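After this come two complexes, each holding chain A, first together with chain B and then together with chain C.
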Partner chain A sequence: MERSSIIERVLRAVLLTLIVIFFLFPIVWILLMSFQTNEQILRIPPSLSFVPTLENYKALISGHLLTSAGSLDIAFMRNLGNSVLLSTCAVVLALILGVPAAYAFARFKFWLSEDIAFTLLSFRFAPPLLVLLPLSLYFQDLGLVDTYVGLIWVYQLIALPLILWIVRGYFEDISPDIENAYRIAGHSWLRTFFKIAVPLAGPGIAAAGLLSFIFCWNNFVFALVLASADKQPVTVGALAFVTASGIQYGQVAAAIVLSVTPTLLLALYAQRWLVEGLSLGAVKG
Partner chain B sequence: MSASLSLRTVDKVYHPRGRLAVHAVKALSMDVERGEIVALLGSSGCGKTSTLRMVAGFEAVSAGEISLANRRIERLAPAARNVAMAFEGYSLYPPLTVRENIAFALKRGRLSASEVSRRVKEVAALVEIEPILDRYPNAISGGQQQRASLARALVRDAALYVLDEPMGQLEPQLRALLRGRLKRLLKDRAMTSIFVTHDQTEANALADRIAVMEGGVLQQFAPQHVLKEKPANLYVATFIGEPPMNVFDASVIRSEGCTTFELHNGPSFGFGDNELGPEVRQAIGNRRKVVIGVRPHRVVLGSGSAETARVVSNQWLGDQSHVAMAVAGKLLVAVSHARVRAGIGDSVPYGVRAQDLHIFDPDTTVALAHGARAA
Partner chain C sequence: MTSQPIDEPIRVVDRRPVEWLPYLLSLPALLVCIGILIPFVTALYYSALRFRLNLPALKGFIWFGNYINLLYDAEFWNTVSISLRYTALTVGVELVFGLIIALLLQRQTRLNNLISVLLLLPLMTAPAIASLMWKLMTNPNFGILSYLVSLAGVSDFGWASSPSTALFTVVLVDVWVYTPFMMVLLLAGLRSLPQQPFEAAALDGVPRLFVFFRITLPMLSPYIITASLFRLLDAIQQFDIVYAMTQGGPGNTLLVFQVRAYLEFYQYTNVGKSAALLVVLWMITYVLSHFFIKNWLRLRERSHASA
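Let's turn to the complex of A and B:
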């Protein structure tokens, strides 16, 4: 470690604090909002002093929203469950399909391999709304509209290219001779893939899986068009808080806190795992 | 002795994307006897590593046959070939310790745990890595990784051991020590092996026969003394030996009872028919131009020699003198085991004897004659 002067260190601390405040302020504000009633949130001037209430969370978890215009049923917890189900299944499927494909693209140069890989990436260029109209027509014919299977399939547009391209890079960084050394010792190609290549690309696979999970979780438009209320994830479900009697800011804030929590926990968990994998120096042969 | 490894007109053509195809190995044929140690020697990009990888199974052969112990192997998966390999880039598996890396090569052999442990210890002692057996590959030096990789290959019972630059990263003393041990191990157990190197000393010390490759073509495959005394062509002549052979373009002038080689813009060397026998004269035939060569160790320095030349540099290496002289617009290097007392610019008498002369065809570069005999 190089020694730096006191001024430098103080300046660095101040700057870091400013940056952290800048980025964390909206999240903290939402957290505070989720413990306030709509009236407390909307008072002018805004104030930091309030008596925290758990009403918002209670309403979300029980599914009954009480507004000034009357009671309203919302399916927030079901939406949350849908989000978990859809994102998890989509990422697991994308990993099952994408990791072997990424390995193939990294290790074998076959006819049209680059073109196929690029075509898969190009799915990410297409504006979702452009894809959706023809897709919803096809889905109606196939009977896939408003099914989990249909949504998970469409989510592959988000998850698969991401996993394919990130993991491919990790596979390319592993010297093929590490696998060759294992293969020549009498182990089959398949065993080498699972015992050597996949563990070595582990941090990359985790990073790609995490990223695509977040992307799937945050998706709005696919589920909005292709799913009805009981299959919709939180991103779409949050629309329910725009009610006839105004926007329920308190509940929206609480819903955000609840819907951010799973991804946040997953990210924290995976981050520890990522660092562990990288500190083994596993990526560079 | 029967051929253990046999390559028959093996070709390797690479087709890189968007670039011209590269013909890396051309019609390579060679036989390696059981228990023989063979070195593949050549400059970078000469096709020696491609050859090795085709034998191991990591590159497909474009054409030709490879057999090992009377079994065709060129279409088999690497796992099925019964070949052990030490990789140039070490290729140790990072999450495993050195001990586990060496042991995983044995796991398929259904050996007992104690037997595995005994053999790992034995091979570790051989390559001097016992103290680091429980360290991880990233925590040890390049030389140690290379020895671990070598150990991983040697610990197996295979029909063939393929070693790619097995000692490139080691310091000289250790290299010399391991060379001796490796040679004894390979010979004691009659392990057929083929290794790639560009260190001639290593090839000379370890190999029974050396295959010199250049431009994807096998130039010559022979024991070391044959490469030195009877190089098949100009490439082998100038590649093998340190310092390399002196070669000069010469015109052949026949007169009664005498053959004279006149160097371009330089001296002439005349040899009587009693020195340059009929065999050699016949090999030269009626060529007007040849290339003549002489090993630096065979250039005769000192009085009694016919020609003199100006000294350009004179280095005493402790056990031999390297004297470079200006001859025919090029350098003629002479090596003498006695200390040569000549300053730069001095004229030194030198000579070439008929029995030390190598004669090559200037167009095909193929050797015509070595000393008193036709090639």
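Let's turn to the complex of A and C:
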């Protein structure tokens, strides 16, 4: 390793540069596009010299698009709001359901405990449409079609396995002796859970929450099948927006930028837990 | 808080939590489980029905009729073939690519760490949105990639809109999104390997290629297997990228399992056939996930033992 030749170091640098360009160029390019007018985007050859404009973002935020075919009203901001609402509520619910269950699975061996834990894990790997398509018929009968509640419940399929398995690992790593000592001192079980176990597993709970937020935000198929037009998150909304006629490309780019910024920022913030989250708690970063 | 004299035995009356406690704690998770199992069982039931939303009068129980029809349906075999090709291509390319990047970034320098964080960004982009980004870049009128390809002398490269290049294009998007997944798991694996075998090999002057194939790869294999199975399970069910890029087109070139089942349900309103397709896909993923969970558990135990 230490005595690498010049050729090897150059080769390494070239390879890494190519890799970084391949993975980052699309993001940078779309970001640049979002500050250009349609005329600038349509130039051939493409050019990097342009005066940045905020018109695309202004149009998206105001909701009025001026297209060649006339004025078009879009609800992209509403999609963005839906994404925030759906992902936040789904994660909060998953934490309320998942953290106590993770604790139970980590501390006690009881009837069906492993079965429930593994059933939840297997949900992560079953084809989502298998459950979603019958569910869409049930939702019509139950009157859940036009509600956030139904979607938030279904989002548990994404968030719950993640939270359960990551947080369970954190609870297992805490020695039960600490809790026993606290209980011997005369504290109730509930108090021990909230005063000792939850704070000690705090980093794991935070990581699992952040990661499930990202995965809920990025989800597409759940809302595509189950959400009515005014409940759609950005992933579904952006796609509908593109297929609308006479759209300005700069505005599509701006919509993409607005849809991915929250998750990319969160991911940068949560990056030291990403390995753990991506492997559902199997690999520690 | 009163401290007890040491020689007085500690009272153990209420030290152990009540027996119903674990059940109470896991009850909500269990309810969610049941809530998901109901539509799952419904799907199994639908797959045994002749059930078209537009022809409710024909609804009836036909046992394995839908499955038998699938066997004689050339379109079904086309779906199996395209799904397998998509899976093999994406996972293969991502594994090789991810392993190379992980090896390049193995040494913990500030630059390497920065790069490995930046490379995570595609993975954190919603796949549906990532597809839109690539759609803009491959647009025939102004797409930067279309322009670059035309500079190279290919003027009619169709990207996602031509049957001969559509698979290439969606695989490209999948590789862009998911290679960082392989990279990040393999990098964590590489960095967690014990150093002694490598030091010993370096002392003995063992050639690097030999070290890679005889020490690195075998020691890394649990990570490689887990990461690949993870990706296999996701790739065979890929929906977002294919649907957002081409909706399964052009023609039937990209009708992978879930896209086909979706169209079967919404376009042809054939619920029974759609459910049968998804059950077949579920059986494939069930077998795969069995292997996956075994490997995953082994890895999980190891990482917790070392923590």
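Please note the rule applied: the second predicted complex is superposed on the first by the 232 of 285 C-alpha atoms of A that agree within 3 Å, B and C clash if a C-alpha of one lies under 4 Å from a C-alpha of the other, contacts with A are read in each partner's own complex, and residues count from 1 in each chain.
Here is the rule we use: a residue touches a chain if its C-beta (ideal position, glycine included) is under 8 Å from a C-beta of that chain, and two chains touch if they have at least 3 such contacts.
Fair warning: this is a prediction, and the values are worked out from it, not measured in the lab.
By the touch criterion defined above, A:N218 reaches chain C but does not reach chain B. By the touch criterion defined above, A:V149 reaches neither chain B nor chain C. Contacts of A:I21 after superposition on the shared chain: neither chain B nor chain C is touched. In the superposition on chain A, contact is made by A:Q271 with chain C only, not with chain B. With both structures placed on the common chain, the touch criterion links A:A185 to chain B and to chain C.
Applying the stated contact rule after C-alpha superposition, one finds that A:D177 touches chain B and leaves chain C untouched. When the shared chain is aligned, chain C comes close enough to touch A:I30, but chain B does not. Put simply, more of the residues of chain A are touched by C, taking chain B and chain C as the two choices. Taken together, the two structures place residues 180, 183-186, 189, 280-282, 285 of chain A in contact with chain B in one case and with chain C in the other. Within the complex formed with chain B, the residues of chain A that make contact are 109, 114, 175-178, 180-189, 196, 199-200, 280-282, 285. Within the complex, the chain C residues that touch chain A are 1, 10, 15, 17-18, 21-23, 25-26, 28-30, 32-33, 35-40, 42-43, 46, 100-101, 104-105, 107, 115, 117-130, 132-137, 139, 141-142, 144, 147, 176, 179-181, 184-185, 188-189, 202, 223, 226-227, 230, 233, 237, 239-240, 243-244, 257-258, 261-262, 265, 271, 274-275, 278-279, 281-282, 285-286, 288-289, 292-293, 296-297, 299-300, 303-304, 307.
Those residues of chain A lying in contact with chain C across their complex are 1, 12, 15-16, 19-20, 22-24, 26-27, 29-30, 33, 41-46, 96-98, 100-101, 103-105, 107-108, 110, 113, 116, 118-123, 125-135, 137-138, 153, 156-157, 160, 164, 169, 172-173, 180, 183-186, 189, 214, 217-221, 224-225, 234-236, 238-239, 242, 249, 252-253, 256, 259-260, 263-264, 266-268, 271, 274-275, 278-285. For chain B in complex with chain A, the residues that touch the partner chain are 17, 56-58, 77-79, 81, 83-85, 87-89, 91-95, 104-109, 136, 138, 149, 152, 156.
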